[in-house]
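Chain IDs A, B, C and D follow the sequence of writing; residue 1 opens each chain.
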């Protein structure tokens, strides 16, 4: 009888892990809380750095995860998770019970709730949107203000909910910078005559082709980069957003009127992940993501024998890194089950 | 007026850069003729190697940002100090044509004064 | 028959152009400075006149220089110029010999066949007719090349052909029409009368077999006259003005007149002498490495002639001087460009009067009253005495290995020297000059000059050819200015330092400012030969390439500069040398990014070869101060 | 603007405010700046709302001004504050009610510090004991006086004689609220509505018929900034701060400004006069200034108190435009009459802003 592995979370990491496990001959159950798989990738229209359509990656993930041998449970969450002599017994919210030889936790991330940064006025001022909201506009092919007009000055605020002690997130979400640059370019593609300003603390363009994208944004698209954290947003009499920021490189405070403000929401431990941590007795770190057994060579291994991590449930990661990390998790699962 | 000053009342000029009311024509002039002006990431390499900066507080990096923000008064004064030696161009990690930017800025200020831009 | 109305266009054209050229030369002469006028007068009665005639024959007619660089292009120019000259010369003789009377009006020589249709049936007449046909055939062969060049420039071996303006096109069309219409007119006449030689005769005879040649002859004679007339009238507006102007240029140059740093008659004459041959385009690295092909000297000349805005063209140049070397007319292209740089920011006060036939000379103010530089922040000059000063230059500070090497060499030489910009100095001023900002440069020159004067040094050594050129040309110093390669050469000659021979194959890149810019070619090579095996490259001396890093060009991007550098480095390292040697910090820095081969300044190689055990000797002979030299003489 | 979004935030920032039995501590500077305000507060609390508000005759400054001007060390400040608590404890009260925003902020800060560092509290207790022999209990409830009016805004509204509406058009008056920086910027959870969109004054104004306007420089400091004003060399910066606010609110055509801090009404009021003197600029409509009120003054006005009893004659920017808009009855002749609160006012060539 083949061993049974449960993958919790049907996002990029979970789908990849499920697919790879199935390839290795395991019996796999993939549990997803939403009514469809994909997770956060469903909210993204085009992906950095090459601006390919996210559906292409989704297609690949569907292809590998929709197979015989992979049982998909959507709109399902886990209520109980117990370990009985080398096996796990799992109870879902629908009362289904199952046993598993190993578990891969792929609960992913939630986008930082931008309304928590009250000073930016998300949910209060019209036309303060998040990066995900802008993706939605891209998908619909139209960037417009709430009054239907086309914005001509757009500000992008980096590090919303990242590197911010005030919201309890000391870590860098790694991917907001490149997302901001990608979105700035896409805005310019949609509205070439618009002016786009990125307000950043540091430009962290560490991934492959990220820096090139940054350069392209400057050179080809004329995106303006202003080094300074936006301190507050207000609304002027003619409904424009007035932002205040220190232009740290000029060493002077700066005031600017914008039509639209896009908040680059950071990544946080998902609510689902927190729940699994609670019921499964899994350790989390100061950044509230799962903490792994070793930073360098144990990044898939949890404190509970038989439970493994895949993807952004351990910290911010790009899709590329997530997929690699999931494959690594599968390799750890194989090791673990072979030893048994 | 005098009365108020006797009380020690003055109204300080704000330090805030008011982006809307600032005049960025000098910057536009340079952007158009030297697109590499956009590539600056304000690393300060130019200011560090600068021959003039060796003698004064002249900073090409600061000059760039002031012009970009339309804070032209200080830039106008500072730019006179450049000797155009070109070290800044050689050290720039982003290939910004800094020398041309100085020349263009001088030109732009001259044209600006002649109401040509 | 002595006259026919169809010659009127030709006559008008001819007398117009003769009159115009006289007026124009008077204007030019009056525009010369007093010294230049004297030079010209002396030249007119001296050997310069004879030299000029020789040069006019060799260059304006035979086009010897173009022939040497590019045979097909040279042949094209020669066949048109020399052929036309022969046609006029022998036509006049023909008219004089065989015409109704001697000393004819020019039109009778040009349209000889029309007025003497029966001529050339036999004997000497036929032989002469053969000669005339031969000349015409010679011209037509060149014309054929010219027409093909216009449509396909590779046929004459050129990569790029100069672009034309509308009047140029009309003039060109009329020029092209001149000889074919003469051929046809003569052929039709010959066909009618059964005369003519191998070309016109045969063609006429053949066409007479199916065309009403008698009726056709007259219209073509009209066309011939009309095209000549049109060409002459348009001549002053077009590049063909170079035909008469070049004669003046050659004469002025042989009289010792040079371009200088302000626009004047001579630079005007030079500008009009450009025949738009396009050789400068082929020589230009911007063209063949980066594909920028609208800023070369030929376009600069044209823009100046047309009073276009020259600023963009004038500043988009590496000032490497390659085109100066290649120009077959010998125009001092770089000085003219510098004049434009100085003037291009000032208000354009050139006026184009009489629809372009006369153009007032461009006034360029060297003292631009813009006040856009103030160097009052420079520190007070400290006076420290020394015999020899070493001025590394701004660029050398970015190549510390050169600095280190020079300090080692200077220490070993035993001379009493002082490193004046060890902790950063003031720019030499040349970069400002290259940007056309001479007034600002003057401030820096004054500052540095004072510093050098006060030191009492007899020699100034610099590592940077850019500094070297400006120290030599624009500073008035008591000290002898040496580039470090010259200084090292002196050390070697005096035996002041001893070096071992490095078993390295070295190829030398002549920096533009040092070679073409200052004429220093031999010392660097001599030094290299002394310490290593110097290999030849395709681009030596005057023909050396530019590294692309030139401070002179602020218009091109970093990527374009590196393309030039990569191409140049690839050419120089074709023989896979161990070291690509140069004598300029900027060349070194530029090439280092462009090639895998080790790039080193000569000083570095010398420092490497230096044997430390030499006893320092105080060298003297090479370093007499100007004052001492005056005393000796 | 999305008002639902704001309401969500307001819901997140609700604080507990005691019902009755307050130990009132006064502000150092208000009695000089706008002496009618605290009097009006006590009168409304006692007479209109029937609350027990106790004032201890021995209470002192909290040292907030000295503390924020870097001349009183924190430990000293804490000990002085501890003595206030001791007075409250001795008087049998548990609900501390400061009149001053800076005091409120300071009390909050000290209580929070003690919460995180009990050893500091212990040390202060010892010091207080040693110096004065007093002992204290920490207040059970700490609310700023404006919090209390916010709590009873409906009660005050029910008794109101006037509403903050234009008497002719019935349109609500446009009111700018200015919250003292120390109210919630340090501890957002201690302010009604939080730091970014404080509700404390907005609630009152909306209850009493007015309309709050939101303008870009809403959060900006009034310019007091302690050292900005107290150090004469910095005073230009103080004015510049107020000016920035005026320039920003001007396009919204506000009818009045309401504040809850001792310094803010002072500077927003006086600097309008100074700016007018120096630059000839006025920010209200029809060449007038924008009248500035404390929340007690506004409460007094809606309750129908005589403006001169409230001390509105002490304002350098004339308050009459607002009185006229609401239709409040007043006698212009009595503005500077001596039988009113201000007993010895020489009538200068006063403010005409």
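The working rule: a contact is a pair of C-beta atoms (placed from the backbone, for glycine too) under 8 Å apart; a residue touches a chain by one contact, two chains touch by 3 or more.
What you are looking at is a predicted structure, and each value in this text was computed from that prediction instead of being measured.
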Other chains in touch with both subunit C and subunit D:
B
When A-B and B-D are ranked by contacting C-beta pairs, first place goes to A-B
Chain nearest the overall Cα centroid:
B
Relative to subunit D, chain with the most remote C-alpha centre:
C
Dist(centroid_CA(subunit B), centroid_CA(subunit C)) in Å evaluates to 39
Determine the centre-to-centre distance between subunit A and subunit C, using the mean Cα coordinates as centres, and give it in whole Å.
64
Distance between the centres, which are taken as Cα means, of subunit D and subunit B, whole angstrom
44
State which pairs of chains touch, listing all of them.
A-B, A-D, B-C, B-D
Can you list the subunit B residues touching subunit A in their complex?
15-20, 31, 35-36, 38-39, 41-42, 61-62, 65-66, 68-69, 71, 94
Seen from subunit D, its contact residues with subunit A in the complex are 1-2, 5-6, 8-9, 194-197, 214-219, 248, 251-252
Complex interface listing, subunit C residues touching subunit B
345, 370-375, 377-379, 394-395, 397-398, 424-427, 429, 431-432, 435, 437, 440, 444, 549, 551, 554-555, 557-559, 586, 589
Where on subunit D does subunit B make contact in their complex?
232-233, 235-237, 239-240, 243-244, 274-275, 277-279
Within the complex, subunit C is touched by subunit B residues 36, 49, 51-52, 54-56, 79-87, 90-92, 95-97, 99-100, 103, 106-107, 109-110
